[in-house]
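What follows is a set of structures for review.
Shared chain: chain A. Partners: chain B in the first complex, chain C in the second.
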Partner chain A sequence: MGSGHAHRLHLHGHSPVHRLPAHTKLVAVLAFVVVVVSTPREAVWAFAGYALLLAAVARAARVPAGFALRRMAVEVPFVAFALLLPFVAQGGRTEVLGMQLSVSGLWGAWNILAKGTLGVGASVLLAATTELRDLLLGLQRLRMPPMLVQIASFMLRYGDVIADELARMRIARESRGFRARGPRAWGVLARTAGALFIRTYERGERVHLAMVSRGYTGAMPVLDGRAATRAQWSAALALPVTALAVCLPAWTL
Partner chain B sequence: MHVPDGFLDAPTSVATGVIAAGAVALSLRGARRELAGSAAAGPTAGAAGPGAERTAPLAGLTAAFIFAVQMLNFPVAAGTSGHLLGGALAAILVGPFTGVLCVSVVLLLQAIMFADGGLTALGTNITCMALVTVVVAHLVFRTLLRVLPAGRSTVTASAFVAALISVPASALFFTLLYAVGGTTDVPIGSVAAAMGGVHILIGIGEGVITALTVGAVIAVRPDLVHGARGLARPLKLKVGGELVDAPAAPAAAGPAPRSSRAVWFAGLAASLVLAGFVSFYASASPDGLEKVAVDHGIDRGAEEHAVADGPLADYGVSGVDDERLSVGLAGVIGVGVTAAVGTGVFLVVRRRESARSAQDEAAARESTAGHGKS
Partner chain C sequence: MTTDPLTTNPVPYSLEVSGLAFAYPDGHQALFGVDFALERGERVALLGPNGAGKTTLVLHLNGILTAGAGSVRVAGLPVDRAHMAEVRQRVGIVFQDPDDQLFMPTVREDVAFGPANAGLRGAELEARVTRALERVGMAEHADRPPHHLSFGQRRRVAVATVLAMEPEILVLDEPSSNLDPASRRELAEILTSLDVTVLMVTHDLPYALELCPRSLVLSGGTIVADGPTPKLLADETLLHAHRLELPFGFSPR
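What follows is the complex of A and B.
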């Protein structure tokens, strides 16, 4: 599967976090995010606690802070939205730096920023410490339909191939003097997309026939029989359980 | 634009998650049929058995295509550029079920591999960007194909309109979700206007690119375009200066009209869940428009509606005391009535449609009857 080509979020390593089975990590991250999302936003200190927890995991996984922070840049569009909220939301107004801002808008912006950032941080750590293929097998272990896992693994396996095909088409266009300037170039680019679809679909048919000729019947054998031990489960679930311990006083106080 | 964690409250996230899971399960089954169907129409007919083992490679490669085509930048003006969202394109090229499936898989992988979009918001993302986009595009596309005269340019024009509408539809659906389960009380009316306006502009770009791409594929491999299946004409031979039907015409007519029952039931179930369960959370606070009205005193002149004493007034069933039950019941009844009326209209339209097409079919059958079966 995709193990040959490292994806850009993965950080190869052999830390205790890397060695945990993928499905325990998936459950842990999901539970952690659920706890974070259900924390009342007024409990500012709880979010600081969550951030410390994530930092501890990153340290245990030996993921450099710069690496994780750079990968969290996908969040930026929503940061812009969050920064807009205090200006458009309704409710009581307060004065910050000489501007009239909505109180509920400020809380909403904080809510999105804090929870979104923690969620992205947890996902980045998961992706950095787990191979793609293991993540997919972990999903299958968590009872995601095998067909869906297969589709996702085909997409991963051929994603780079298709992207390379697109890159070769770009080189071919540019070596013929094409430069995309404005909407006039759309026709050419759309023909590229159309050709890419045809090539991709025909490749899919070839792949299918090749697999059928090797005895493929629609189901992939599961070769990875590694079940998680109790110690591994408890190590993985330490993150959400600690987060829950932080969360409970936030609810009751 | 992927929704992160914490953007919508927990009940809304759970509800959209349930909808998304149902949609993916349904499209897994539908995609098997769609991809098997393309085997029968394509040049590899007979090589493949039933669709089960075709689904994974073809849907996986199509998902990879959508993933790649989102990387193709289209320059707009002065250094800015946009990219295709791909929902409408997938619906037209590979069919609605495979389209929902592929876009969902792309979103899933973006969430767990690239941290793009929150894990708890995955259901919301799939519902907005895979389900609503693909289904709206498919319905608009199918309707236009039926109304407009058949032809290649019709497919392209319908693709444009379908993609154009699907983008703001998705944005407005997201605004609706935000109105139901948003974590900040922004004026929903103006948000909807802003979201709709911006996304109509995006939709124009999406529509033009989708139409051009579909046109490019149709020009080379029309048999691969799911939305243009009905276009293939029976092969004609020129015998003695006269066009006659080829003797062994392949099964060129489109696939047998599929029952829309599955779609109908899924839609009804989703609406019932939304109306009966989610509406309780929605109605806990007045909706954005009402709130704006109250804040600005717009509703001072508002009069009570004519059916204010009706059995469903103010979104509650009179005579039922439990507020949660009452609101839920009202929602369920409302959906039921809407579905019944809609289905009635649809049935009337379809009866007239089928009466007309039955005549065409009979004429076509007569003309091919003399040449035996293929």
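What follows is the complex of A and C.
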């Protein structure tokens, strides 16, 4: 949506994937993740197939591999947990590189790693090709409770305002010689957090007043009338449908 | 002012406040019987020191606060529960902090918020939004997020958000606060070009003199003076008694 600074996950572009309506992409990603999660973990080749599918989407969306991989770093804490599993799980043991590892633990780790990575990959692609604002509109179209959509869109609007406020408070603190060093500074930081909370609370009240003054009665008017065409739906759903075609033989074979 | 304006006056007053008194729930009484009326198309300044009850009065004009005693009428309509939606359509309040007023992710959606709440949709809504933005010279910024605009631009968009509702009366709370001289002049040009009744709440006396032929002085919860702005500003004893001061070197004559 126009100029301005987009969020860091977003990659501005005009590829066919970018142009798809947000709600079709949301449904596609959700369905893809469900298919991936329901695949038996022993069907290693199926996961390779899913990865290829995502790579194809990334290519169509012109998202560079490096961009996508860097943003998949959020997964790292889960990877650490998955790597622990072979050491702590019970059951039959096997020897790998001279270490006694649990067989079920190894499968468990693989399961988490493969499905997690594919899920994160799909989400990163969604975020890279969809503006936050459009994601919210998409959720609204998908009948997400309007209250949740409103809360999320206010976060989007006021995130910067609150961050600025916090930055000003920090500058004011430091201008009077404050340095956050050690536990003795925690009291000051806690009071800053408290003051920020009160300020945001008061701003919330003022925003509400302004909304009520313009006729707000609890529901946001839905202004986005663009429905997705059949072609757009089928383009978006091509991903989960192909994934399903990979998943079914994985169950039967 | 004591008789019904609908019968005595072919064109009802844009705003008629009579005997308005209000006390906050904590017992603090802010208004002690306020009386005044604005003719259609007038531009009037409401002057008063901090704590005079200006904001409290403003919040009565569209029924956010409801009178403890007395009444408010907008274009002949009483401000009460039965007429609330209609009254909020007709009284456009521009609040002091544009960040409170502009809560939607883009300028266009924000300007559309009020008319959409009134049930407008589609091309009609689009035309209303464009017209309102053109009147404040912000049409080319329609797709930008409000927090990426300058403060003066945000204030102008805030004016557009209420103009889009085609109000009977425009109420501005401290419109000149935090504006640099150029933005201040631009806003003045916009306000004088509008064909609506304007009530401007301020303690910026030169701005009142520039824009409003008539002024009211609110002090201690009552209207203590009502007359032509140049005459009121020349009355040093009046100004002094109510903590109003002209800037250094400024002469109203």
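Before moving on, here are some points about what is shown:
Note that in this section the second predicted complex is superposed on the first by the 248 of 253 C-alpha atoms of A that agree within 3 Å, B and C clash if a C-alpha of one lies under 4 Å from a C-alpha of the other, contacts with A are read in each partner's own complex, and residues count from 1 in each chain.
As a working rule, a residue touches a chain if its C-beta (ideal position, glycine included) is under 8 Å from a C-beta of that chain, and two chains touch if they have at least 3 such contacts.
Since we're looking at a predicted model, the values are computed, not measured.
By the touch criterion stated above, A:Thr200 is placed in contact with chain B alone, chain C being left untouched. When the two complexes are overlaid on their common chain A, residue A:Leu156 makes contact with chain B and with chain C alike.
Using the contact criterion defined above for the overlaid structures, shared-chain residue A:Arg133 touches chain C, although it does not reach chain B. By the document's definition of touching, both partners, chain B and chain C, reach A:Tyr216. When chain B and chain C are set side by side, the one touching more residues of chain A is B.
Comparing the two complexes, residues 153-154, 156-158, 161, 203, 207, 209, 211-212, 216-217 of chain A contact chain B in one case and chain C in the other. Chain A makes touch with chain C in their complex at residues 1-5, 133, 136, 153-154, 156-158, 160-161, 203, 206-207, 209-217, 220-221, 223, 225. Interface residues of chain A facing chain B in the complex, by the touch rule stated above, are 7, 9, 26, 29-30, 33-34, 36-38, 41, 71-72, 74-75, 77-78, 85, 88-91, 104-105, 107-109, 111-112, 114-116, 118-120, 122-124, 126-127, 132, 135, 139, 145, 147-148, 150-159, 161-163, 165-166, 180-183, 185-187, 189-198, 200-201, 203-205, 207-209, 211-212, 216-218.
Residues 59, 62, 64, 85, 88-89, 91-93, 95, 97, 99-101, 103-106, 109, 112-114, 116-118, 121-122, 125, 143-148, 161-162, 165 of chain C touch chain A in their complex. Residues of chain B that touch chain A in their complex: 1-7, 10, 13, 24-25, 28, 42, 44, 47-48, 52-65, 67-69, 71-77, 84, 89, 93, 101-102, 105-106, 108-109, 111-116, 118-120, 183-187, 190-191, 208-209, 212-217, 219-221, 224, 291, 295.
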